[in-house]
Structure formats: C-alpha cells, structure tokens
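For reference, chains read A, B and C in written order, and residue numbers begin at 1 within each chain.
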Amino acid sequence: MASDVERAIEAILMVADEPLPPDLLAQVLEVPTTRVVEVCQELATRYQVDDRGFVLVRVAGGYRYQSHPDLAPYVERFVLEGQTSRLSAAALETLAIVAYKQPVSRAQVSAIRGVNVDGVLRTLQHRGYVVEVGRDPGPGQAVLYGTTPLFLERLGLDSLVDLPALGQFVPGQEVVEALEQGLRSDDPPEAEAAHRGL
Amino acid sequence: MTTMAYEVATPVFAGPFDLLLHLILREEVEIWEVSLAGIVDAYLAEMQRLEQLDLDVATEFLLIAATLVELKTRRLLPGSDGIDVDEELSLWEERDLLLARLLECKTFKDAAAALLRLAAAAERSHPRRAGMEERFLALTPDLLEGVTPERLRGAFLRAIAPKPVPRVDLDHVAPLRVSVGDAVDELADELPRVGRITFRRLTAGVAQRLEVIVRFLAVLELFKQGLVDLHQGQRFGDISIVWLGPTGAIALDRELVDSYEG
Amino acid sequence: MASDVERAIEAILMVADEPLPPDLLAQVLEVPTTRVVEVCQELATRYQVDDRGFVLVRVAGGYRYQSHPDLAPYVERFVLEGQTSRLSAAALETLAIVAYKQPVSRAQVSAIRGVNVDGVLRTLQHRGYVVEVGRDPGPGQAVLYGTTPLFLERLGLDSLVDLPALGQFVPGQEVVEALEQGLRSDDPPEAEAAHRGL
C-alpha cells in the first residue's frame, strides 16, 4: 500500500509543468526535505522495476516525470505526425496580439480576443514563439508575455521594429480600450480563472 | 453597453418560472393549504420587489401573472350558470401550458444540479499539461511555415477589429410606459367620477395587450383594497366595476401596489 | 513485462498537453484503435491496483493523466491558481438546456427558461463552454448553439452520451401533483371534503 506522501508526490508531479525542487514539495506536504528525496528515489526505482514507459528524474534542481528514453522513437513519431503542423487562425491571432502589444498579460490578450487563450498561449510557449518576459508591476503581478528570437527568425525579421506598420485603419487606443473594458465588464473576475471549472 | 443589463439580477429567482416553481413547491408539505389565491398574492408581491426588469422578462412575468389572475378570478367572481365552454376550455389550455412549462423548467433545473455535481467531482482531479520535453522541441514542425509578416499583421487587425456586439433591437416595440401603480392612480382618479363602468369600456382605447393586463391588475388591486366592487353577469361576461371609495382624494396603500415600469 | 505498445502509450501521454484520441495513438503506434483502448483500460486498472497518486482517464474523447481525486487537498495547495469560479445558477441551467437539446437556438433556450438568455449565453461562449454550431435551415436562420469539448472536460465526461439521462430529472408524480394543485382554480379536494364534512 502506497503511503500518502508517496501518492501526494505522484499527484503533484503529475500536474506540475516544470521540475519541482524537493524543498518546495517538502513545504507543501509538511515533511522533511530528506523524506521527499527518499520517496522520489523509491518511486523512480518502482517505475523502473515495473517497466513503466515514463521515468521520474531529477533535472534542473527538481523532480519531474518524462518519457522513458527507450521510447523516444515513438514520442518522436507522435511529435512529427500526431500534431497539426499549422497554426490555427485563433493561434495566429493570439501570436499577433503578443507580437504587436508586448509585453502583454494573458488577461489582456484574452480580453482582446474575447475568448480564453490559456491553451493557445501554452502551445505558443511550447513551440518557443512566446516567452514570459516579466511581471506587471501593478496589483496581481500578472505574468507578461513577449515574442522570442525564434519567432523573428521564422518570420524572417531582424527585429520587432521590422514588423509591418499597422497603418491608418487601426482602431485607436480608445476603441481598443473600450472594447477590452466591455469584454471585461461582461465577465470580469472569472476571465482569468475561467478554464478552471464551472 | 445597455444590453449588458439584460440579465435578471435577482438574488434568488432567475425568471418567472423559477419564482412560480418556488412558490408552489414551497408549500409541498402542506398541500391542502396551497391556494391559488395565495400564490397569486405572493407572485405579485415578489414582482414588486424586482426592480429593473427588462421588457422581455417583465412581459413574461406579466403574462404568467395574468394567467394566474385569470385562474384566480374564476374563484373571486361569483360563479353562475351559463358557462362559456370555449372560454372554459381555453383557460384550461393555458393552465396546462403553464404546467407543462413549469415541469420542463423543473426538469432542467434538476439536470443543472446534476451537472454541477459532476463538475465538482471532476474538479478534484487536475490534468497533466506539462507538454513536450526539450529534447523533442527541435522536432516539432515549424508552425510558422508560410506565415509572412503581412499575414501576421492581418491577423492582428482581425483580432482587434471591434466585434459586433449582439444588440437587442427594441425599435419595433412601441414605447410602453405601463406600471400598475400609475394605472391604479389613474383609475382612482377616473372611477369616482364615473361611478360605474365595464372593464371592456375601461380598456376600449387600449391597443396593447400588456396595457390591458396592467389595467386588469390595477382593478384587482383596487378590489383588494376595498375601493371597488366587481360584478360579472355571467362567467367570462363583461365585468362591471363599481366605485366604493370616497369621492375626494384618497390615500392609496402604495405598499401593495406594484411599481415597476415596462 | 510491459509490452512496447503499453510503454509507448505511457510515454506519449506523458508529453501530451490535452486528451489524446485513441485513433491518433493508434495511427502513431500502427496498431488497431481497439488495441489502444484495451491497453489504456489495462493501464488505468494497473495504476488503481498499484494505488498510484495519478489516474488515466478518458475525457472529452481522449486519454490523459490526471491527479487522483483523493489527493485534491494536496494538489490544490500546490496549484495556487486553482481557484474555481462557479457559474451562476442561471448560467448552469442555460448550459444544461444547451447540453441536452443541442443544436438549439437562443429563442428555444429562452422559451424554456422563461427569460432572456442573451447575456448568459454570451458568458458561456466567452468561457468556451458553448459555441455556435450552425444555423437553423428554416426561415430566420437562427444561430444554433452546442457545447464544446472543454465543457465535457470540465464535467469529466468522455462524450455527450455520458450525460446523465434527462429522463431521470423529469419531476415525479408528487411534484406534478403539487404543481397541478397549485395551479388549480377550484378548491383543493381536501378542503372541499372538509367543507362537506361539516
């Protein structure tokens, strides 16, 4: 029978999207860091013994799950074939907003597009076109996003200055703000956490 | 953005069916005490509490109120022979329609509660969203293939273009300013002078069904306050209204009078 | 000893960021879809038997790993942004009507609820639970609405077929009677009887 600490560590590592330092896990679970390290090692061994297709490794100072190196050929096929190889119109619009309005928060992008953009932003981050570039100094300290050198490279641009000028048909700042405001007032506090359930 | 106000913001009742369901089912335990008169009274009282109703909702509330009042009237007014079978049938039809709608509303209310329980259970699990490990990132197809700076600009312009805001076009609705309170005031001014009048004549110049209903509610209000007497020669015949109140200015019990505007 | 298909599925699910449909896995692994479904069921059972802190579930038409519901208290301490924003009763009832009657027009939803549902529908669209799925072929060509995969995900359902049967919510005889009684213009039978008895 697995212990509670063991199961809790599995659960937390499963939903984390970056390596978790053992002292963070220790803090959350209210156990000594040494215990966390011990349990993680036991789990890693257990997965190996059970011949699982994933491994628990310590990387960049933290623990995380990743696919077993043996199975890289399958994962590669999945990456190459199983993923759509084009950005959807929605994703392109999101990327365009980040490009032209950076640094910009998720809530701002969401307000402009009128839909939740969490999933799209995550995809763009995974693809290396968008990164976190800082935090809003205001209350809430929202994460701010910007584009990467890879993005410029793929578009054949030297720098952001070379993005095509928006021209005279762009609605003025006040129109954009009114629009953002309107969308926000429709659904204000939930917008950010909207994807988190009913 | 006036259209934003179109959600009913009452704390408890999201609509007229909601309210009616509550009023009827609340009495479930003492079923012999359920009386239509009680429900009509509670319904009208609850309507008074609703401020800032939009026209659609107000109309819906009123139509249901009117149906209830119609049903209630049959008990209030002296029943006699000579029942008009067609009228009788259409009243039962309306009642059954209302019943059917209440049942449907209740069905989805309970379904919604079940969905909420499902969601609450699902919320206890959190999905893995870690995504690709670095070593595979280089393999991922270049999603930006074929995307030119010009296309990016186009996408941005599309994204920030003002979206058409869904707007309820009310231009086709004649401006109505009906409130039961105003109608009561009007009648309290008019009736002492004429003494006796039929409901048909009282509403002869009124084209809108809504306004007729409002006047009807106003008459019932005066009846409740003992200011008029109602007579009906035969069931569903013309109703004659007789003023019982004083002839001078009168103090109406405004507390009881519904005061919203359509 | 775990099979290669089994291990490959584990590896691929570990790097996926959304539920993976079995036919996509079948395509990548070059095995029949039925085999994928079989293996996933076996894996799910295995994790349960081994008392792991995560589960393999089928949701919104695909497979994914998620934390075990038992461990929600621990995971929630870690997932800081996990604040759920609940939908109002009005929104939930509207959502239920769309879910069961889709494709359905705004007017139809409105008729059932007895109120204008424009604002509520807009909120549900904004949150990604409801989308326009087409137009009524009849006159007026009303926009028709349906629910999204995100809606299924939030409810933890695999498909719309898994919605609880609507029939079970049809009010029972006692409610129907109470409502009928409430709308009856005659005296209730009991009162009448009492009257006569005197």
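Details
The rule we apply is simple: a contact is a pair of C-beta atoms (placed from the backbone, for glycine too) under 8 Å apart; a residue touches a chain by one contact, two chains touch by 3 or more.
In this text the structure is predicted, and so the values were computed from the model without any measurement.
Comparing per-chain C-alpha centres with the mean over every protein C-alpha atom, the closest match is chain C.
With chains reduced to the mean position of their C-alpha atoms, the one farthest from chain B is A. Inter-chain spacing, taken between the CA centroids of chain A and chain C, is 25 Å.
Here the spacing of chain B and chain C, counted between their Cα centres, is 29 Å. One inter-chain figure worth recording: chain A and chain B are separated by 46 Å, centre to centre, where each centre is the mean of the chain's CA atoms. Multi-chain contact residues, meaning those touching two or more other chains, occur in chain B at positions 4, 115-116, 119, 122-123, 126-133, 136. In chain C, the residues that reach two or more other chains under the touch definition are 14-18, 54, 65-68, 75, 79, 82, 84, 92, 119, 122, 154-155.
Interface residues of chain C, counted against chain A in their complex, comprise 1-2, 6-12, 14-18, 20, 24-25, 27-29, 50-54, 65-68, 70-71, 74-75, 77-79, 81-87, 92, 119, 122-123, 125-128, 150, 154-155.
The residues of chain C lying in touch with chain B in their complex are 13-18, 54-55, 57, 59, 64-69, 72, 75, 79, 82, 84, 88-90, 92-93, 95-97, 99-100, 110, 112-116, 118-120, 122, 153-157, 163-164, 166, 169-171, 174-188, 190-191. The residues of chain B lying in touch with chain A in their complex are 1, 4, 115-116, 119, 122-123, 126-133, 135-137, 139-153, 155-163, 165.
Residue ranges on chain B touching chain C, taken from their complex, read 3-4, 6-8, 14-18, 21, 23-25, 27-28, 31-32, 34-36, 39, 54, 56-57, 60, 64, 68, 71-72, 74-75, 91, 95, 98-99, 101-112, 114-116, 118-119, 121-133, 136, 166, 168.
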